[in-house]
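Take a look at the structure below.
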Amino acid sequence: MNTFLVPVPQPPFMYTPEESARFFSADAFAREMGVELVMVAPGRARVKMEVADRHRNSHGTVHGGALFTLADTAFALASNSHGVPAAAINAHISYMKAALRGTLTADAEEFALNPKLASYTVQVTDENGERIAIFQGMVYRKTPRQR
Amino acid sequence: MNTFLVPVPQPPFMYTPEESARFFSADAFAREMGVELVMVAPGRARVKMEVADRHRNSHGTVHGGALFTLADTAFALASNSHGVPAAAINAHISYMKAALRGTLTADAEEFALNPKLASYTVQVTDENGERIAIFQGMVYRKTPRQR
Amino acid sequence: MNTFLVPVPQPPFMYTPEESARFFSADAFAREMGVELVMVAPGRARVKMEVADRHRNSHGTVHGGALFTLADTAFALASNSHGVPAAAINAHISYMKAALRGTLTADAEEFALNPKLASYTVQVTDENGERIAIFQGMVYRKTPRQR
Amino acid sequence: MNTFLVPVPQPPFMYTPEESARFFSADAFAREMGVELVMVAPGRARVKMEVADRHRNSHGTVHGGALFTLADTAFALASNSHGVPAAAINAHISYMKAALRGTLTADAEEFALNPKLASYTVQVTDENGERIAIFQGMVYRKTPRQR
């Protein structure tokens, strides 16, 4: 059987807003970082974060790790939105502009969904709509075997 | 003038251990995360982090953003070790094993150094030497113009 | 002077369709691969390629290098479309579905444009609109200095 | 059952030099590109390519797609060296120096091997030992289920 050719099963259930909120609130690190949930829908998610001094690096701008965490949290919500546990296996981020202050937003969008793998693009923008970073991530999905 | 063909100038000064410690201690986010400096040398750096509950994601393992931040901090120290300010422009991370507990270490090593660009590979391992993640990052260097 | 804060100069000229065609026809490797130019506009480009047996890998599907080359050619056209020479400095590709036959299309879109750096996303689809791969690339731009 | 915790089974067989040569000779695209096999060992591979005019891009240097293909071929050989079919799922490449002429070599090395996923780093150098590019790739492995 070739995993890549199995048709994508309809998700047995979809996360409800309550389930998404519970998933997010179990994410200790994202909360510690000050990330807030804005929205989750099948294959999509939006989160935001208010820049604080504790997010800064040695150059005084928002740390790459903080921008990555913001994007990664949107990616986790979007990729787990189909009711199948999804674990990140790789991610790529390009930084286009230093972030300095205000509220940053990360929007995750699904590019493709397979039974075992799925990929997402996340855009990080500041409150003026300036494009700060773009992120591309892939998950391994624990889709139950078909019987 | 083709930037890529300019010979790499000898760095006008090398960070001393004191300068590296000062650079690191200015990194508010890394300290907030619990990252500790182990070593910096020209083009290399090692940092470590003790896993705590606040580093965990919704699956209970260490958050991708925390692993990325650990690797990114080693990358920042290594790429700024030549005395020329270096800003991360992109990074890629592959996660090979979930991290659960104990002390994680990130080792950054320079792959290549140009006047304007440099690239680094960072390996993240746990205290049993298990390979957790591999990271590849590139910086834009603000090398002063030759006169 | 901080390069990242310089306002983006208006391109001194825009590639005309004739100039884009000339740029593309100078790309020996893309032509060798069978890549064809469909369209170039400022910050965007589309190319296509008919799958042939010489594009296949040991598994009989289209080689990752052939898919990458197709995406990379769209990326080169889009990033050089502003009349400033742009050299690729890094790229990331995620493969979501094996490509087997027919015509593949790559669409490049600009995410952000700075004087020195710009980034692009490229989607590769087959003739049924199936999403084959997604590519993210960054260029270093040889924008002339302001006087 | 958690796929990530399954111990790595000993490969039922290891490719012999003859099998590696057969695997490589089935790679139509790599041969078309002029890639030559130098060596394959468990988790490692080396290939080379003589730069020819057909490998050049519009700037006259070796095309990113040609450098990627060279690295990708070493990656395919290394990741398929354990006797379990491995399909590339993503790859990242950083270009550090333009390649102009002579023989280019790509060396792939395994970073980590799981039953379902494995990751590799590939270095591309020219005949003077100059570092041209670094590549990081991940495969999905079709490891047979344990019974």
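So that you can tell them apart, the chains are marked A, B, C and D in the order they are listed, and the count of residues begins at 1 in each.
Throughout what follows, a contact is a pair of C-beta atoms (placed from the backbone, for glycine too) under 8 Å apart; a residue touches a chain by one contact, two chains touch by 3 or more.
Here the structure is a predicted model, which is why all the values come from computation and not from measurement.
Centroid distances from chain C, each centroid being the mean of CA atoms, peak for B. The interface with the greater count of contacting C-beta pairs, when B-D is set against B-C, is B-D. Computed from the mean C-alpha positions, the centre of chain B lies at a distance of 26 Å from the centre of chain D. Computed from the mean C-alpha positions, the centre of chain B lies at a distance of 30 Å from the centre of chain C. Counting partner chains per residue, chain B shows two or more touched chains at residues 4, 87, 89-90, 92, 94, 98, 117, 138. Contacts from chain B toward chain A in the complex involve residues 23-24, 26-30, 32-33, 53-59, 63-66, 68-70, 72-73, 76, 80, 85, 87-95, 98. Across the interface of their complex, chain D is touched by residues 3-4, 87, 89-90, 92, 116-117, 138, 140, 142 of chain A.
Contact residues on chain D toward chain B in their complex (touch as defined above): 4, 92, 94, 96-98, 111-112, 114, 117, 119, 121, 123, 131, 134, 136, 138.
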